[in-house]
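Note that the chains take the letters A, B, C and D in the order they are written out, and that residue 1 is the start of every chain.
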Amino acid sequence: GCGNKNQGAATENGGQAAGGGEAAKSDVKIGMVTDVGGVNDKSFNQSAWEALEAVQTETGAEVKYLQSKSDQDYDPNLNQFIKGGYNLTWGIGFNLANAIEKAAKENPNSNLAIIDSVVDAPNVKSVTFAENEGSFLVGVVAGKMTKTNKVGFVGGQDSPLIKRFEVGFAAGVKAVNPNAEVVVNYTGAFDKPDLGKAAAATIYNSGADIIFHAAGGTGTGVFNEAKSRVKSGQQVWVIGVDKDQSLEFGDDVTLTSMVKRVDEAVKKVSKEVVDGTFTPGVETLSLKDNGVGLPETNKNVPQDVLDTVEEYKQKIIKGEITVPAK
Amino acid sequence: MDLITLGQIINTTLVFATALIFASLGGIFSERSGVTNLGIEGLMIFGAFAAAIGGYYAEDAGMGGTAAAWVGVLAAIVFGVIVSLIHAVASITFKADQVISGIVINFLAAGSTLYLVKLLFNGSGESELIQGFNKLNIPGLTDIPFIGSVFFNAYPTTYLAIILVIAGWYVLYKTPFGLRLRAVGEHPSAADTVGVKVNRLRYIGVMISGALAGLGGATITLTTTGTFSHNTISGQGYIAIAAMIFGKWNPIGAFGAAVFFGFSQAIRNYVQLFAWSQSIPQEIIFMLPYLLTIIVLVGAVGRSSAPAALGQPYDPGKR
Amino acid sequence: MDAATPVVELKQITKRFPGIVANDSISLKLHKGEIHALLGENGAGKSTLMNILFGLYQPEEGTIEVDGKPVAIDSPNRAIELGIGMVHQHFKLVQPFTVTENIVLGSEPRKGVKLDYKKAAAEVKRLSEQYGLQVNPDAKIQDISVGMQQRVEIIKTLYRGADILIFDEPTAVLTPQEINELMDIMKRLVAEGKSIILITHKLKEIMHISDTVTIIRRGKVIDTVKTSETTPNELAEKMVGRSVSFKVDKAPAKPGKVVLDVKGLTSKNKDGIAALNGLSLQVKAGEIVGIAGVDGNGQSELIEALTGLRKVDSGSVALLGKDITNLSPRHVSEAGVSHIPEDRHKHGLVLDFSMSENMVLETYYKAPYSRNGFLNYDAINEQAKSLIERFDVRTPSIQTKARSLSGGNQQKAIIAREIDKNPDLLIAAQPTRGLDVGAIEFVQQQLIAQRDQGKAVLLISFELDEIMNVSDRIAVIYEGQIVGEVLPEETNDQELGLMMAGSTVKKGAEHG
Amino acid sequence: MANFLKLFTKDSFILAIVAIIMGLVLGALVMLLGGYDPIEAYGALFERVYGDTYNFGEAIREMTPLILTGLAFSFAARAGLFNIGGEGQFLIGMTAASVVAIQLKGLPAFIHAPLAVIAGALFGGLWAALAGYLKAKRGVNEVITCIMLNWIGLYAANLVINRFMLLEGQNRSVDIQPTASISIDWLSQMMGNARVHWGTLIAVAAAVFFYIFLWKTKQGYELRSVGFNQDASRYAGMNVDRNIVKAMFISGTFAGLAGAFEVLGVFHYQSVMASSPGTGFDGIAVALIGMNNPFGVLLGAVLFGTLTYGSAGMSFAADVPPEITRIVIGSIIFFIAAQGIVRWVLKPFYSKRKKEKVL
């Protein structure tokens, strides 16, 4: 269908809450600066933006985003919101940490928030996730369900954040299947599906049947490789990341996903601003807070495996198991 | 490295190389006619875009996955040809600097495809996922040990690419059209004085390059990403140009070079399967394909032989 | 059509280029079986007129009739249809293609969609035998001699069924042997009923082969005469507008000390074949030594080795007793060697530089043109002005790009630059190629003047006349060696020709 | 200067202006087709760039590397070389500057900062010279080597950061020593914390250097000569190979500076990058707009910088996708390159005015 330009950057006539409904009017303005991924990255930028749109529908707050074309854009983009009198400005992704820190110092009276990184400033809310814990759980699924005793991990850029996914996943696999082998492949990029595809092909070729990816858009290539193999009769799976990726890539290849509730976090903090209860500081969302974990429905995972997952989940929450993070 | 792994690497290689094969073959047709084409990247972007859109609307209209993918291929070819005409008009008719007008294509591609995607998909910077192609087994052939799994379990585009390389070589070197095209790229006024229409052939060369580069872009959408976004094509066009030069403007050579690039990419992934690779910095492994290329180039003897009139607009009156 | 109707008649052709009337109401008749020579100074408009006849340019005024019927020749294709073929001054051959491919290009025999190469090669062979034009159909153009390339050009026109052949300065790049062969070929062509228009600057050739001569000066026809009723002197006078002396005036040489001393020079080509094969040669102060030889016997390699452009494998080059073997071109130049290169466009000038920049191409880095690393444009312009004046280089201004000058003037500029360096040794390679008699006279006088000032001059030329007239001593080069030395007054074309073909070896007295 | 003015003939200047107008008009048409208001959009674009000091400062920050990568491309082009490797040279220059700025400690600012700048220039130059060397000595086409070196440069930069200078738990290097900063703090404060730095001045100086070097020095004469005709240059005694390497080196120096300034003046640290930032490629566009003339490059960078920096304002205030500016830039380059088209458009005007003069 052909376009309605207003969907891209939400509405600018703040009063009219999109989506109709009996939303309360609010004159709060919330801005969001994406990293280079943009709001259609099928990953955290998208989750965050969808959350903000939901906030708009529910509260009538005006929301808007600016996509960064490069690292240099973070500063002016944040400033566009700050100087425009926005009540809260989100920086989505750890890449924005330094820009948020700089902006926070220069504008002590503005509220800022960041996902996936900790910025130490009195006017910044930092939201991070215990990705290692969630990844542990999908590792349990993989360890239980692999038929070849070999599973794979495809990472984007090799960074401490992505390492948390890898390490947690490997720990989960080993916990339930000590004999299973985990092969790891970093593609070096979050936006190169072709590299993801080649990495997946190599891993599947080496005998693995399940791949967990934490590679953003690069993961699209992983799904595509799996799909083409499934079509030609091979039984392989992909474990998605950030969102329930079965919704996008279908149930024939998506085993489950390591969901990171960026949307919940964004919603929660944004609403705090609308309600006037915003408190700066660091918040780490873990299994306990339902900040990470499996999606609600998992068609492809048998109940007994889900039960094991639940078992481990409780152990982690109780602190009986500490999931490594690096 | 055992035989099976080698076979698998070759298989992966071919998947990787397919788009490069198309695009570098396209480059050859343009440059053999004497028109530099740095717009390959942009033409690939347009092709990838058209394939995503074409495939999407075909699926929307109820076509099955593969049929819709072929619609995407067709759309990419048509789009590639249309866009290549911008380059042709500027550089052939208006005698603009060919390098510049190629780069213009890249700029227009980067801007307008994303702009259109946003218009068509409600502001989203990425098109909707489509089915694309699946790997094809050729009954009988696929069962041949080793060879079968290496060469006869591939995407239709890969088969098409190999066919086109052979066809391209045949056309260039065995047909009157090829002779004329190459003559126009080497010595346009010689061609002109024997009644060969220089500019018309150059138009054809550029349009073929548009079609093939578009096809290369479509390959990536239809076999790798399933969608189009700003980074669906990111540098493959330039690699294809490198492959063309590396292959000395010859279809077979460019095919070899494209496969080489694909191979070094495959190696880069393959290496990571081994535990010892953990002790090598990742970045070194990432560099591998590019380093290998330079090393091979330096080792390769002989200067590369570009068409003699490459880059020069044809002006019959010039002394 | 009666016999008196010309096969081609040009009527009142006028063609203008920005700032110049290249053809000013030119009329010309070509009869069947005739060789019609076109004569004129550089830039007189000969090529322009022929390009019009061949459909490359459109005239502003005038008409063309072929076999008595007016025709509009709007493209080479049309010209070819009308049976007109042209052998251009600069060959229109695709270097990496084979002889056959070049010949059939544009009208290829086919088998289905395929080019029928076998049939094409057979046709080439047939034509080459019919007209006695020896070529190897499968050789690549880049691998064959210039003379051979020209035969390919001729076969190209014959293949297209041309009855009217235009030759634009066909002999400028040929060796004497090749010229003789070409003359025979032309005679044969005329005997077969073809008609020929021949452009050449060489009056000897015109006298030898043409039936009629049309003389053009500054775009206008001066006269059309029967060859049998004129003399070279008359022709030259009509062409230049003054009398030209053909005997090069020069006093006997007074050779002094040895300036250039080459001993046992050996240098291999890429493919390992010795291009120079133990070549030895001396040139003394105050003499002009001419190198005679068939193209491809090491002339170019010798020049390159002398000027530092090529590394030699063994042997030595000494200048005034100082060893300059394998020095860089810059150092050779600084040691006192000047070089007028064979190819003025490719090697002699930077065509996109202004004339003034070109005049200091080898001296820009020296004072006063350059001080502390900075160019001194005042000094450069000064120098350019003075050279242009002294050597009568016709250019609109010193800021004009070299590209826009005529060949003759480009050559004069190079000669000016090289002579002004005041070298001990002046190497002149084909210095008069493509120039008109007036310009040739000028260039040759300059060489002699250098000699008279006590410089050593090494002249490499395929023009036997030039070698005979200008040199004080002639060295014959054959297969990378000097195979003999003779004095011009003691030899003749026949003897030289034999030596150049390598059949007789006659050593000069002063040589070992 | 007379010479330089001649480089900018009145005719080519008019053509460039008309090309720019035509590009903007074409962009407006595309906006209309998409249902946007071009007047509002362009208004927002220029408002963003020239509306307040902060954004103006940031726009200048955006233009600075473009000037330098534009000069890099142009310089090589003047010597007949196609330096498509600005991207890699930019990154290597950046990395070298980072190493010096981070690892050397205890130096006074007036030594440390210049040292870091020089390191950036030097390594950018060497990276490019590598391509030049391979061309001169081995005949390897510089286009391929440059493309490959872009990728290698990216990973080499990441390698250095990851191995030696990583900020624990982050995807970037530790901060540079304050002594290596080239930010202009007082001006930055005056401009609402816009990241202005001395590199801008150096970039302008580089354009002047470019002009003087190429047209006023003997080495520049050699480079131009080699650029036009290698054979004749060799015959005239110039060392062609050395000039190729030299031209690439100087060209890379410009790109290296651009990278160095990003670290020393803008970010004060270096990120680990997943893909190269594109400044080198944008520089090619800038060079083309500027017709490979150093002062044209300055103007080209201003135009390019204005359009790209302003595009965010356009999408913010008028909801126009920022990609439109790429279309505009592409069209401007197109019209500048295909002057025939512009002339053709202008023909009615020209022939009316100049009818007698032309004929």
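Everything below uses one rule, namely that contacts are C-beta pairs under 8 Å (C-beta built on N, C-alpha and C of every residue); 3 or more make two chains touch, one makes a residue touch a chain.
All values derive from a computational prediction rather than experimental measurement.
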Legend entry - Chain pair with more C-beta contacts, B-D versus A-D: B-D
Legend entry - Where subunit A and subunit D are represented by their mean Cα positions, the distance between them in whole Å: 35
Legend entry - Distance from the mean Cα position of subunit D to that of subunit B, given in whole angstrom: 28
Inset, instruction - Could you grab the centroid distance between subunit A and subunit B? Build each centroid from C-alpha atoms only and quote it in angstrom. - result: 34
Legend entry - Where subunit C and subunit D are represented by their mean Cα positions, the distance between them in whole Å: 47
Legend entry - Two or more partner chains touched - positions in subunit A: 3, 5-6, 8-9, 67, 158, 188, 191-192
Legend entry - Of all residues in subunit C, the ones touching two or more other chains: none
Legend entry - Where subunit D touches two or more other chains, by residue: 34, 155, 162, 275, 321
Inset, instruction - Could you please write down every pair of chains that are in touch? - result: A-B, A-D, B-C, B-D, C-D
Inset, instruction - Using the touch rule from the top, collect the residues of subunit D that touch subunit C in their complex. - result: 3, 215-222, 224-225, 228-229, 231-239
Inset, instruction - Please name which positions on subunit A make contact with subunit B in the complex. - result: 1-9, 38-40, 42, 67, 158, 183-186, 188, 191-195, 197-199, 201-203, 205-206, 217, 220-221, 223-224, 227-229, 231-232, 248-249
Legend entry - subunit D-facing residues of subunit B, complex: 86, 89-91, 93-97, 99-101, 103-108, 110-112, 114-115, 118-119, 231, 234-235, 238-239, 241-242, 245-246, 281, 283-284, 286-287, 289-291, 293-294, 297-298, 302-304
Legend entry - Complex contact set, residues of subunit C against subunit D: 307-309, 328-334, 339, 341, 346-353, 357, 361-362, 364-365, 369-370, 373-375, 377
Legend entry - subunit D to subunit A touching residues, read off their complex: 34-36, 52, 54-55, 58, 61-62, 155, 162, 169-172, 192-193, 195, 262, 266-267, 269, 271-272, 274-275, 277-278, 308-309, 312-313, 315-317, 319-322
